[in-house]
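Next up: the structures, one after another.
Shared between the two complexes below is chain A, which has chain B as its partner in the first and chain C in the second.
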Partner chain A sequence: MTNQIISVVRVRDTLMVTLPADPDDVTVATLQEEVLRAMERYRPRGLVLDISGVETLDSFFVRTVTETSHMVGLMGGRTVIAGMRPSVAITATQLGLTLHGTLTALTVDRALDLLNHPRPRRRLS
Partner chain B sequence: MSEATQGNVPIQSENDIIAARRAVRDLAARLSFGITDVTRIVTASSELARNIFLYAGAGVMWWSISDRNGAVGLELTFEDHGPGIPDVELAMKPGYGTSRGLGFGLPGTKRLMDEMEVRTEVGKGTTVTVRKWLRK
Partner chain C sequence: MSNKGRLNGKAVVNGIEGLGMQAFLAAIVESSDDAIYGKSLEGVILSWNHGAEKMYGYTASEALGRPVGMLVPAGSPDEVPQILERVKRGERVDHFETVRVRKSGEPFDVSINVSPIRDGSAKIVGASTVARDITEPKRLREALTQRAKEILEVSTPVLQVWEGMVVAPFIGTLDTQRAQQFMERLLDRIVETNSSVALLDVTGVPAIDTRTAQHLIETITSVRLLGAQAVLTGVRPAIAQTLAHLGINLADVVTRSSLAAGLRVALDALNLKISSQDGAA
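What follows is the complex of A and B.
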């Protein structure tokens, strides 16, 4: 199976990361490496993970994303997960997956607003 | 697309997890499950396929479109000849396995489906069957 496309783009001082609809394990693992490398290279304030296209979010995906968010935090950046679909939110909750305090936003716009706040107002898990 | 009513997907590598997921997505869509149920079924199959890959190394996902008293449903069976589960009751307790955050989330997977049966024998293997019925 060929690798899927993940986009990691710097916009001003934010990293915008967009995930494909059905990311496989290799893609998810690659994402973590690319994000951390981009953090070092561009020194952004934070990271917006756009999952609005993601149709399936399983335990491996969630674990890697929360791990990545933690790593980004250790490097001094903040991560906001944006655009989770209703069907994915329902499924993740019933399955028992949690994001361990990673910030979430309804849209990429709101994620950018959150990153521009001096401090996160609330944390969702 | 073929209109077969049963088939299987071998699970021998990480790539096969996504192959199983895609096959299940196509099947669930073919049966006209709603988007949330499609997501539930695909996610459950991803977890169960991953358990096979993680704990047994290899196995098979069998699928069939079942008809019970006029109700149409999708049945998925995940079979492996791995180490088996020593304590199924413990494995079925809410929260079990989720602390590791990877696979083995049987209680969570059960919540996504209508029915789940686990048959396992230490040293012989594990078979997990799940079903989702189409609501009329």
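What follows is the complex of A and C.
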């Protein structure tokens, strides 16, 4: 059976959540609970969802992630999705799943920068 | 012997000046540049026209009575038995591309049509083959495919112009295949160069349709999902007009009319600026 462990680590006041390569529906559903529990425990200012290991994604995954991000927002935190693979990005776009409104970052490093230096990401206009 | 016959489905009473119908039809075969030869159901060559002499190099006297298998290059799969089987069943073989060999030993590409020959009682008594040398057409076709492949490779480079920034200058029209390839290459390069801004320049795109616009939007969305920002530059009046007419909403997309203007935006996003070396900004 493939690794289905979601790792949740606190780094300063950021929550680092790493998803396994091929998360099944049960695992994706667990994500929200894990995050909620950790939010409760650590009251972090931000959440980094590291999906650099994820090779496949579906609409359930995207919906859950979007919801989780909303939840975090309601609790006063910000979410950044980091490390999406090109192939996953293409699939998501073609399926019309745009993760609209959620912050994204190329790497976990960048994600941390984003969260810790809230220089309004010069929303280009 | 009757001079009645059919030519192209229309009844023709006489042959032509001085020639009866049979002779007339035989002359047509003989004057053709295509190789036309008849064979028995066992594959023995029974007729051999001028075109066949030219194509294969055997004179009629050299070819008649010989097995048609001698035209197949040694080491090549011999499809002749299968072809003859199909003909015996009354089937035709059309536009079959294969290799044959000349008397000189030189193999060459041909396209052959084989059809059954029936006698007066419609019984199949032989097969007739029309062969065309397709060496040149095949060479042109392969050159064309190669050219198309090269164009695909050459025209979508993704260049890193500064740390954190890549530029992808699009040239020509964006068809689905190119768009897909472009998108994949762009995303890979963004990850490779760790870039936060990608300038997609369409100055070199003469026309844009719904499909193309759709692809561009998909690409821009994918870039955003990755965590970088995409700027569409080089949007000229013609393209702007088409996009407006198509009702395509580029509200979420940052666009500029020139690459230079796009560069300004990118530098801003990277918190960089260019200043002159003698201190003047």
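Everything below uses one rule, namely that the second predicted complex is superposed on the first by the 116 of 125 C-alpha atoms of A that agree within 3 Å, B and C clash if a C-alpha of one lies under 4 Å from a C-alpha of the other, contacts with A are read in each partner's own complex, and residues count from 1 in each chain.
Following the convention adopted for this analysis, contacts are C-beta pairs under 8 Å (C-beta built on N, C-alpha and C of every residue); 3 or more make two chains touch, one makes a residue touch a chain.
Note that the coordinates shown come from a computational prediction; the quantities given were computed from them, not determined experimentally.
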Should A:M16 be classified as contacting the first partner (chain B), the second (chain C), both, or neither? neither
Figure out whether A:Q94 sits in contact with chain B (first) or chain C (second), or with both, or with neither. both
Chain B versus chain C as contact partner of A:A105, first or second or both or neither: second
Of the two partner chains, chain B (first) and chain C (second), which one does A:L57 touch, if any: first, second, both, or neither? first
Regarding the shared-chain residue A:M84, is it in contact with chain B (first), chain C (second), both, or neither? second
So, A:D24: does it touch chain B (first), chain C (second), both, or neither? first
Overlap of chain B and chain C contacts on chain A, residues 85-88, 90, 92, 94
Seen from chain A, its contact residues with chain B in the complex are 1, 22, 24-26, 55-60, 62-63, 66, 85-88, 90-92, 94-97
Under the definition above, what is the set of chain B residues touching chain A in their complex? 14-15, 17-19, 21-22, 25, 35-36, 38-40, 42-44, 46-47, 50, 94-95, 98, 101-103, 105, 107-109, 111-112
Residues of chain A defined as touching chain C within the complex: 81-90, 92-94, 98-99, 104-107, 110-111, 119, 121-122, 124-125
Residue numbers on chain C that touch chain A, as the complex places them: 183-184, 187-188, 190-191, 194-196, 218-219, 221-229, 231, 254, 265, 268-269, 271
